[in-house]
Amino acid sequence: MSLLKPFSRRPALNTATILLVEREEEFQQRLAEVLVEETAVTLNVRLAKSLPLPFENQHSRPRIDLVVFIVNLTSELSLQSARASLKYLDPGYFLGKVCFMATNARNAAVPQERLDTLRGLAASLRCTLLFAEDQTADGATNASERLLTILKVAAGLVPMTTALYLSNLTMCTVPSNTNEVDFD
Amino acid sequence: MEDQMKSLLRQLVRRIPIRFLKVTLEKWGRLTVAQQQNIDFTQTKWALADELIAYSEENRLTLRHITELEMIYVIDNPNQGMWHAFQLVDPESDAPAVELMQFKEQFKSHLNELVRNVSVKMKKNTDEAVWIRIAWGDSCSRPNNMRPTYVVHYLQTPYVFVTRLTSKQKTLLSQAMIIATRHQAIKDAHLSGRNFSAIRDLLMQEYEQVFPAKYPSALVERNQIAALPNIEREQAEAEVNRLQMACEAFGGGKLPQLQSVVYKLETKFKDPSNQTFTEREKPFNCVVTFTSKNLLESLRHCASSGIASTPITPLLSSIPRRGRNYFVITDKVSGPSSQINPTV
Amino acid sequence: MEAMQYLSESPDSINSSSNDQPVSNRNLNRSQRIAEKEKRKNEAEDPFVAAVKYFSDVEAGTPVMGNDVFEGNLVVVEKVAYAEGLPPDAISVMLEFAMSLRMGTSLCPRVLKCLIPATVVPQDAVVRAVAWLGVSKIPISTQVLFIKWVLTVFDMIDAKDQLRAIYGFIFSFVTEENLCPFICHLLYLLTTKQNVRVFRIRKLLDLQDRLGKQPFLLHLLSLYKVFCPELVTLSVPSRMKRGFRNHNSPWKSALAFVQKKNSAAIAPSAGVTLTIKDQSNRRKRKHCHLELPVLTCALNKESQAELSSNRKLVPLAHLRSFAELLENMHRIELPAQMGSLLSTSVALHYLDCVQEESALLRLNFWLGYTLREEFLFCRDGGATQNSDEALQFLNRLLCAHQFLQEGFSSSEGFLYKFLTVWDGCLMRPQILGLLSNIPVVPSYKMGQLLLEPLKQLYFTSSPFFKCGLLECLNGMLRNWLTWHSVYALEDNMDISISSHTSIYMTLSGLKDSVSQLVQFVDHLAVVGLQLESCHSLLLNFILDFYETVCDMFLKYGLPLVVLPSPGVFYPALLATDPVSVDRLAYIMHRYKVNLAFAKSQLKITEAFRISRQTFSDFNHYVVDMVNFLWNAKAFQSGVNVQLDEGILQRSKVPECSTSFDLVYHPAFMSYAIDFHHKCWPERKELDLSSIKHVKPWSWYVEYLFSQGYDGLELFKRTNINRWQPVKGDKEDSGTMQL
Amino acid sequence: MNKQQVDIFPTKQGDGRPLNMEPAKGVLSHLSALEVRARSRQVQPRQRSRVEELRARAEALTVQRDRLKAEIHAHKGIEKHKTRLNNRGAAAAEEEMETEDNENEQLLHLIARVMDLKQLLYAHHIIGGYDITKTRRGKGICVTLSTAYEGVYLETYNMELDVGPTLKISRHNVPPFIPLGELCEPAGRQKDLRGFLDPLLTRLNAFAGRRQQLRLVKELHPSVTVMESNMLCSILVILLSTPREKTTLLCTLNYTDHTRCLPTGVHFDCEDKKLLESSKWKNNRKLLMETPVHKALGAMKNMDCIG
């Protein structure tokens, strides 16, 4: 079992690398295509179905600045595999270099519990939890935009901030469901 | 006779959607051009039927003509009602020699021997398919044309497709079929569905099957993602393998639109937490049904996207492999693992 | 009773296909030939009238079999019905004929099927028909068909008052198993507050015990609950599976056809198909209830004139002007679909001033349900969410909000939920717009409901989103303050924030909320500027916000002064565009005025105590500002910004500590140069320092003011009191003492 | 930002008209518009990444070149080795002498062997051996049977077999009217793969051939109308017209032997019997019996027996 380490390699000049982990492998492709349109920095996107990553292309793999777990809330498996993949990450990543992206959150087929579980997971790991509209083109663009914002910080391309700092600001929190009572 | 024709025509008009009605009538060609022109398709079905009846009276049309119209419509849109597939077994030596003419008269004569008052109408379609329309009656009553049975058979092939057949008629039909096609027996193929073409393609293997070969199959290229320079798939080859396996199991390209599969489980109930059931001697019966717009394609997607684990369990892969969508699963006498038995 | 004996004779089949006797099919042919004839000669003497007449006075017990006259007439009616729909009187005649079973039950369905109203359905006809339900022996299937028909044409029924009058009678059919769902639906449309009675609720409840949690029962009950929460105790699930089905299938196509044909005359919304009740077939019709039904009840003016004379209630739809609204205020009849209220201003006026809150309750109920179903629990995973209907709908809602200048409680609740799953892009303008309309949130709730989700969105999104959010929060603050200044009652500082979401809040409560909001925005601003490296658009939105904040006291009479934190102040002060600096100057000026006012108040009453800290902070800011811009003593006070000399030295600027001022400020440099040219056109080499001499300096400052930098001017006027030409560039900033 | 001048509040006099204002216009929607524009501007300068693409391509090409070089080198080595082996005969004694790069020798040996085998396999294909792939880690094999007629390749059929105690067909895409079962049955028991495949292949070839003939008849002889045929192409009824006698005659060809693509029986039908008696038509029958139908028809047309 090979841990993925945040600082195993030297960073390349003005480059950022993002790893998109999605079990369904649907949204990640579209995201990647939008992401690489970024021209300010040279951007590498690595797509994976789950962790650990195959040992073979360890050499070709650049240093990964941000790991994104895309969770399709309509499937329990999706959440489970994300959870299972977590343990192949070096603890160093959890200092602001991991974030979750949930899709289909507004779908009727999503049980509230699952969403809560995901929130809990993200919160317990001090990670950011983004929501994305994977169905529409705008949704994809916007999602990639937001990932980019985080990635740039995580790759140290934004002066005066660090991944840890940003993640402290955007870290997911578990709402105690007081709002359930007065708005239903 | 007359008003049977009328009611049949009325029923037809009610059944056929307006948008098909026009073309079907043209194909039928029993109305004069003038008549076809001044039919007003906007009026109610009721009035429309009246009009048609009037015309067919003018043209002295008989019941057979109307049944003709029905056949034309049914052949063009077969996907209504349940179709069941049957398989002819143990062919006689001269089975392959059977040709249309003799099949026709053999079938008709045998059926007439078995039941009086049955009217049979055959039509060979462009794709070599023989369409048979049977209106059943019995010794006392005239053939009922309102609920005819439809049978489709491709000569020399062991498969027969039937819709709207009661169990009583089934025996009669299979008798006639066996003799006419020079076989010794006919058995249920355990394949049924609303989509006729799907069932046919599945059994006649008229869909793209994928086999393991030395040379990289088209699949790989077909599914190459447009490789942008700095997008890298970490688990690419695993993916290709999954896809290959999925396609080997379920076929490539467009798959027959099978819409449901039924598994009848007659296995022992195993659950450590639940003693009462686990101790029971007799198997625990339950029925599992999968339904989808296109079941095979969804299954293939499940496999290729890794939702279903590969290698694919025979429970799923034997749907296309054995061309059936009804399975009974019983415990193997040796070993716990469940297997598929073509029982029933 | 004659009906009875014919029951036995004629087979009861829908399309009267009783043509197994040669007789009937003969007359069928004949009938159909009659039809032909009808088509050919175009109404020399109107056969339709005759036909209707026939049905109006055909006496009971006329045989159906082989009755050519009857057949012919029916065909005529059907033709007209399917072609351009039946006029009201014809409707009532045919309905009467069918329901009274004068010629047996077999015809009833066929007749019902052809009851396509051209304009409206007269209410009394429906009432009579309902009455027939009670007396005559109509087969259950036909009864169902009838109710379906009523539901389909519900909004074309010219008035509902009499129907409401027989509410109890209609309710009695609930017990009939097969009718129940449809009756429930009808009741749902008819229910008003006073219809909700304990015994009805009890009835429904034990029905529910019998039939299980049926959606139609649940919906009716939940509506009752909305009207009288104290009576209905059962807990309605937050998400109901699906509402009422859509029953218009037998008439749908014909109705649509007819309506398209004479849509010029009137535009009736296709029956119930647009209300919240057709959850079931949404797969076919997405956003069915997002398109707001046109507020109409299928009456054209002149008919309304004579109708309204003999009828009490006036449908809201008929009111064209505010004046009409005023004189009919006491006898308004609400439409079946509350949604339609959103679409006309009269209706909104009505909502605004109406006192009995049943209208609002229903509206909120409908709205909450719709929003939830469409945006939070979408069937299709929100693929079509950006569709125009959705946008249209939200825009309408937004209009309504801004028209009433307050939000609906249901939409507020929706927003809180939506924020937690929002991607920050989907319908951003609408969502933010709605958000800025929410009433004051008590500070103990604010953090979780509002600030947390917003924070998470803000820091991960593009600068444009940041700007948008700031704008939205600015609007929110303005609304809150406005409400405060409107509703504030001087005697006890108790204010009801909005008449509808009745949150009562003490002044201190409000102050807490506001200051929490301001602090939150301040935090966003500081970090935002840092992340976006002082994005100047962002900076401008921030200054917008502070323009609201600095005037809270004077403009809105809220005794609260909150200063921007250094993280906002200094970036603005050192901004590279002169506008920002100018606006900052203006803001500081307003602060000054507000604080001065507060001080004067302080002399009168102790109520508005502004903390000493605020004053001292303000003073530091002013001092720094003056030093930076006028006194060329940048980075020297060192209260808020310590800058180590070394760094300044490294900038290689000669006596940098003293040279930074309005002349060398990056934002104004260009003006300085321009001024220099104007001042000494003959000079070849540029020497900006020469501007710093007394006289040119004053000219220069005047020149700047003349360029429209009023902010600076005001700032100078209020904060720089002494002006000593002798001591040159030494000015004293007018700080405030306590 | 002049958009925000759009009046946010409705006209206060309550006219019954639906409110016709766009509240979403204004700052917020304007911001969204700006964002979109900013994005599109950002996407524009694609050149840079285009350059990258080219660079990546160059990278790939160089890699390929290196690999090729390596291969060429290996080949050279093998050739050298081979020649050395040949002219040195089987004098294994000296092999020990060459101490340098001994394991290299081994490697070259292996490579050479692999290449020989590859060539063998290729030859085997040429002479019409079966193309068999191992599947499921040796538990099964997949056979590819490709049919051809007159040098034209036609359909390819596949079959997956379990090589258990007996041969068992697990799946195939052979058309259902080919009696696979009875072919497999005897051969399967005494795992005689050839004994199963050869007859099958001949049948498939015959079938493909017959179908091809039918196709050719249809497209080469428009004057001849095909009255009757079936899926197995085991029967063919065609309508011929004789230009001289001005009659038409019905010709029925039976292919009862499914392993051949020539008819086993030819039978004419015509009103004037003596025409059939004529020697010419006897020849025609013979012709049809011995040559593929489309060719025969061609010949008959040349002799203008038929139009």
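Labels for the chains are A, B, C and D, by order of writing; each one numbers its residues from 1.
By our rule, a residue touches a chain if its C-beta (ideal position, glycine included) is under 8 Å from a C-beta of that chain, and two chains touch if they have at least 3 such contacts.
Which chain is which protein? Per UniProt: A = Centromere protein M; B = Centromere protein N; C = Centromere protein I; D = Centromere protein O.
Worth saying up front: this structure is predicted, and the values here are computed from it rather than measured.
Across every pairing of chains, the maximum count of C-beta contacts belongs to A-C.
Centre-to-centre separation between chain A and chain C, using Cα means, comes to 34 Å.
The distance from the centre of chain B to the centre of chain D, with each centre set as the mean of the Cα atoms, comes to 28 Å. Work out the mean CA point of chain B and of chain C, and you get 52 Å between them.
Chain centres here are Cα means. That of chain A falls 47 Å from that of chain B.
Residue positions of chain C touching 2 or more other chains: 462. Of all residues in chain A, those touching 2 or more other chains are 36, 42, 141, 145, listed in ascending order.
Along chain D, residues 49, 52 each make contact with two or more other chains.
Contact topology of the protein chains: fully connected, every pair of chains touching. Taken in their complex, chain D has these residues touching chain B: 49, 52-53, 56, 131, 133, 135, 142, 144, 158, 160, 170-171, 173-177, 179, 228-232, 234-235, 254, 256, 258. For chain C in complex with chain A, the residues that touch the partner chain are 238-239, 375-383, 385-386, 412-413, 416-417, 420-426, 445, 448-449, 452, 455-456, 459-462, 527, 530-531, 533.
Taken together, the chain D residues at the contact with chain C in this complex read 8-11, 13-19, 21-24, 26-29, 31-32, 34-35, 38. Taken together, the chain A residues at the contact with chain C in this complex read 74, 102, 104-109, 115, 128-133, 135-136, 138-139, 141-143, 145-146, 149-150, 153, 158-161, 166, 169-173, 175-176, 178-179, 182-184.
Taken together, the chain A residues at the contact with chain B in this complex read 19, 23-25, 29, 32-33, 36, 42-49, 53-54, 57, 60-61, 75, 77.
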